[in-house]
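Note that the chains are named A, B, C and D in the order they appear, and that numbering of residues resets to 1 at the start of each chain.
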Amino acid sequence: MTEVTSFLQLVVTAMVPFILAAQGTMLAGRAGVFNVAQEGLMMLGASIGFLVSLKFGGNLVGLVAAALVGGFFGWFLGWVTTRFRLDQFVIGLALFFAATGIASLLYKVVIGVTLQPPLIPTLDDVSIPVLSSIPVLGPVLFQQSGMVYLAFVVSGLLYWLLYRTNHGLKLRSVGENPKAADSLGVNVARTRIWCSAAGAALMALAGAYLPMTYTGTYTEGMVAGRGWLAIALAFFGGWRPLYILAGAAFFAGMEVLALRVQVGGLDVPHQFISMLPYVATLLVMMFALRFARIPAFLGRNYDRESRTSH
Amino acid sequence: GSSEPGTSTTGRAGGDAPRIAAIFSGSATDADYNALGLLALQAAEKSQGAETAHSESVPVPDAERVMKEYLADGYTVIWSHGSQYFEATSKLAKQNPDVTFIGEFDDKPKESIPNLWVLDRNFHTAFYPLGVLAAAQTKSGKIGYVGGLSLPFSYSEVHAINQALKDNGSSATVTPVWTGDFNDPTKAQQITSQLVGQGNDVIIGSLNLGMVGAFQALKGKADNVVVTAKYTDKSQFDPQHYATSAIYDFTKPLGDMLTKIEAGERNGYYPLGFKTGVSIQTPKNIDPAVAAKVEQAVTDITSGKVMVEKNLTPIK
Amino acid sequence: MTTTTAPVQTPPQTGAAPGRGPAVARQVVSYVVAVFLAFVVAGIVIAVLGHNPLSAYRAIVTTSFKSGFGLVETVHKWVPLVLLALAFTIPLAAGKYNIGGEGQLLVGATASTAAGILLADLPLPVLLPLVLVCGVLAGAVFAWVAAWLMDRFGINEILSTVLLNFVSFGIVDYVASEVWSDPAAGHPTTIPIGQGGLLPQVGRPAMHLGVLLAVLVTVAVVVVMRRSVPGYELRAVGANSRAAQVHGIRIGRVAVGSLVVGGALAGLAGAIEVAGVHGKLIEGMQSNYLLLGIIIGLIARGNALAVPFVALGIAVLEVGSSAMQRTAGVPSEMVLIVEALILLFLLFSDVVGARLGRSSR
Amino acid sequence: MTDDTARGPQSPRPLLHMDGIRKTFGPVVALDGVDLTVGQSEVHGLLGGNGAGKTTLMNVLYGLYRPDAGTVTLDGADVVIRDPRAAIAHGIGMVHQNFLQVDTYSVTENIVLGTHLPSWPSMNLRGEAERIAELSTRFGLTVDPGATVADLSVGLRQRVEILKALYRGAKVLVLDEPTTNLTPQEVDSLFGSLRAIVDEGMSVVFITHKIRETMAVCDTLTVMRDGHRVGTVARRETSPTELAGLMVGDDAMVSRVTEVVTAGMAAPVSGSSGPSTYAVSHGPERVVVSGVVAHNDQGVPATHDVSLSVRGGEVVGIAGVAGNGQVELAEALSGVRPMVAGSVSLDDHDLAGAPTAAWLDRGVAYVPEDRHRDGILPSESIVENLVLGAQRGRRFRTGPLLDWRRARQHAEDSITTFSIKAPSASTPAAQLSGGNIQRIILARAFSHEPGFLILHNPTRGLDIPSTQFVYDRTREAATHGTAVLLISEDLDELTNLCDRILVVYSGRIVGERRRGEYDQYEMGHMMAGLEESA
């Protein structure tokens, strides 16, 4: 395997949590729900995904369980912010705290005291016949675990949903002008609740990916700020599915590059190298953000009978 | 008594039995450094009849507060398991002359405190044989060292490996890399993948939980690579690439110190070494000749034939 | 609903003016109910996990109040909490979210440490103020970077402050393990700062004078927010930035200023941690003060006057959490969940309150 | 415009009947048992002052508000309308006062939004665009189906709203104050379309507070006041005065507000003028504006080289269709928006480039168009709202701190002098009605003793007494020597109040008329950019 190939392969592997969490953020955001619980939901997804896989055998069950629990949190966020119109940011943070606490608590309760940390098998690579033998790109794109394909397929589906279907037309209108959508019979609350639930499910999947790909085990703090970066990525990608895909490549590229620089033996203190992804993100955003549009109703609740919410 | 990970307060109360409290930096279920601490504590409970308690996941800035709480609860021996607590421990020792403290350190402390036992972990000693292994094993001449934080003890490990390479006339080079956290397996996985991608065929790991990630990076790939670990037997993580581990056992050191404390010897210096708690696990997945060299190195160090220099200065 | 035309003089209807008393009482009731419900729900969880909720709660409450030691620990914890909560609340009044308190604290602590080490030989009356001022300035400058990115490039301040936190981790790690590293510490830690840079301690068990400083700063913030022109302008921008702009308030400056002041307070917290508690820079010294500061600010609903009291409650919870783990065996994560529940129930109590208010008319 | 030949025959069975509708918002009773009957193929006017409940009644019909009591009958059958979806299904269409459009969508997308369209493998809107084009020609509502609505003028956006209802096959079309932002020509064209719609058998409910417009287009009229229906009359059998009496409800009041009620009634006739009783001898030129260029929020020039001057005691009007640079001009002349070029001076002090606060200090007062967005701090009390803008002055300060006692005293005085209806001075501004919010803004503007007063659409959305109040205050300011600039889209208001009117089109002043030369149609031409004259 050439060096370029192996570098790119690592980048693609590292893209997945960014893609899933940022697409989840984008999906909820396009319907107007600004979820800020990513970091917590990813931890919860990692914990649940790991524990369920361990106890019931099989990564698939773990992934489904993580998605369901994440989805429940998202549903709750959507429900209380549409039904009771509670502040999205505050609820999001409360859910972040709760999810973080529950993630570690569950691990402690289920695993308890053992002197052998339990392991789950990580996902196997699935190589796609023919395609995986293309030079360079083959191994990078078509010899990866199922979650990698899932992340790309989800991105494509979201693009199709948002821009090529009638549902997407309705969905986007809810985040742009819910009153207009409502006046035309679009169910604003239901759209928001479902997008929030599906978005949070994607975030939890992003978290579950970590133990299933990198470690085979759950450790506290394994999300390591990726949830916060996913929010950055949603802005960075202009709340559009395909731009987010490109942005994820940038974020993951930075992450892998920062380590690559160290391994290459460059004589820069490793502490500075570890800042690279964050500084680079800010630098790029200084210029890229000018073109970004955010959904007009992002983070704002809609009340049909209120005159101030339009 | 309770079986909770967070606490255990068992053993006989009252009498002259010591009441020992320990603080750990991570979860005692980590099957790693903190689990070793808990094992030693439980052994002490049995052998000394001590009453014990411990706190897990104590961040460095909180160590002083947590130890003070134990002081307030009347514990007579306080053990801080981890050299990151040494400062706070010696400070409290000076303030509380009636309580005996056990602190861990990676050097001989400059001043001696009448109620403080110092446990010197001497990590460099164990990494010399690992360096011997690497020198004999590597085909590519490239050795990767995966550390967490760039602390003096980590530097001493790299220096020891370099000394081993030199002593064995090897021209191989060591690339030290830092994940920034001893317990971040994701970073460890990514960085190990890259080390292997760069042609490093011996990976010397000096991580706690992060080690899991380092093994994951190799699973099912790169047959020619071997990995060494630290603290406990980690062969279960990746039987295919696992070579050996520098095994640490705190039961004997803790027991020795407690016995002396009970005998009234309230301070001292206790260095870890191949006779006191450290061993190199019998290597796997490598040539028996190489394994023999490693064993020889251990013997030579123990007998004093080889002096491993303790060099805590940063690596250029 | 007839409206009179001028110049007909109709006295304004002041009869039914709602007094302030009931409003405050309602607030207090909603806090009590929220805290109570949070503890009930958490208690059920604790019981399900097989522990005794009552002894867990007893551990929390008694740690802070049964001994002078517990009290001092609680007060020492209160200082960074209240300062970080204000660092979040002040920009919040202008509608800006400062999620960078932890980075600002760390950079402040780094600068304080630098001053304390480089000028270690200066006497206390010179060095201590220097140490504190350096912390405040560094925190302010670090926050200013985020504010500048927001003002000049329109980068959402939530993002820039969060990303800068990660940058600050690298800075601390570098300073503590490369620049002034204490090789004996076994952890990225700097050598101690000069004696003259340490805050005086009083009483037994000793309490550092940073507590007094924090109290003074809190009082000053409350007065500034309620009575001063900048405080008024800050609230005006938060209430309606466009209207504020139309009426001559420079909203950009106010927003930037509020973040910078927030950063200064977080930097002060860092300086006090160095000068009062640790005497040096330690990696990880930011603890979870950022999240707790945000929780406090949100529970206080952005009201600067409520912040010190809520912060005290959270300090008691936090100091108690390790006691709860030690004596009742309850995992300390429970405290995080309790805090989240308090926040949720507080918001719900508004909804319920509004419903009750409506139906009682 | 007063052409009343084409009128469909009145059919015996009503198309729509609403009975005993009641709706409350917290303590406010917005509708108190209101009945409304709309016949087949008629334009039914719904007339009433602010807060009378017109919009609320129609929102109930459209399912946006859930009534507390009352029934709706359509075509003889009882129907329950829970949400807009049900309303659409029953053939009800509504054009809201604030257009409900997704700015980033195209015309077609806005129109088809919410309907069932197949989207496998991908949504195809070409067929729908053709249908929309066909509908627009049929009803005289031409608009490009592919355009993005954000780029359209107000008149075109309104067409999109009407097309939305027609596309869904509405039987009853509700229009809430559709003429607010239109030129007289656009109003005529709208009325033409309404007739075309009625001729196809649909019915229209037309909400307005302008008696003149109801007399022009409606067949039947229902008048509402304070949440009650106070009468339903046929257009042929009524007069403006009778309608005004019904709307205001108090004969003594009617005489005081005749100016508002009759504003513009006589205006279409060329050469006629408003009352000239208050003509004053104007003082020297106080405000001189020259060559002002200001950019809009997107950085595109919105005003080009605007020059004008205002004398003390003079009321100068700026007429134009919304979106022709008025917002930018108002903000530039009040120091809120930085000017790209040009100068503004008040009493020979050059203000260009100074911060907004300096303009305020100099005596520039600005009453913004959108009072909720630009005028108040909604969550803050009346006291705090009245301090806004003066917080740095000496008036409300002792030392470095604000003196809230003095501010409170000032608020209580203002509540009395400006007849602000509020429970107390500490009531949050958001709880006040539009008219009372406007009174707060005026109180604040006048407390600065302005030398230059800029009013932008100051009476939009206000009811008759409040409008009269604004007129009285504006004149009072002029008699005290203030230079007044009144920017308005309401030609009736301008012809009534102003000594001089400048017409803007596309950010340029395209014409000027003095009192005595006002001709609304001619000005309408200029406003539409059709006629360039000096």
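In this section, a contact is a pair of C-beta atoms (placed from the backbone, for glycine too) under 8 Å apart; a residue touches a chain by one contact, two chains touch by 3 or more.
Since the model is a prediction, treat every value here as computed from it, not as a measurement.
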Comparison of C-D and B-C (more C-beta pairs in contact): C-D
Geometric centre distance via CA averages, subunit D-subunit B, whole Å: 77
Chain centre separation in whole Å, for subunit B relative to subunit A (CA means): 36
Centre distance in Å when subunit C and subunit D are each reduced to the mean of their C-alpha atoms: 46
Interface hub residues of subunit C, defined as touching at least two other chains: 173, 177-178, 331
In subunit D, residues with contacts to at least two other chains: 378
Subunit B: positions in contact with at least two other chains: 5, 150, 180
Interchain pairs in contact, sorted by label: A-B, A-C, A-D, B-C, C-D
Contact footprint of subunit C on subunit A as seen in their complex: 36, 80, 84, 86-87, 89-91, 93-95, 97-98, 100-102, 104-105, 108-109, 225, 228-229, 231-232, 235, 269, 271-272, 274-275, 277-279, 281-282, 285-287, 289-290
Of subunit D, residues touching subunit A in the complex: 25, 62, 64-65, 83-85, 88, 94, 96, 98, 100-105, 109-110, 112-119, 121-123, 164, 372, 378, 430
Subunit A contact footprint on subunit C (complex, rising order): 49, 97, 149, 153-156, 158-160, 162-164, 166-167, 169-171, 173-174, 177-178, 291, 294-295, 298, 331, 333-337, 339-341, 343-344, 347-348, 350-351
Residues of subunit A touching subunit B in the complex: 1, 3, 6-7, 10, 14, 108, 111-117, 119, 122, 210, 214-217, 219-222, 224, 255-256, 259-260, 262-265, 270-271, 274
Parts of subunit B lying in touch with subunit A, wherever the complex brings them together: 3, 5, 27-31, 35, 39, 144, 150, 175, 177-178, 180-181, 183-187, 189-191, 193-195, 197-198, 209, 212-213, 216, 219, 236-237
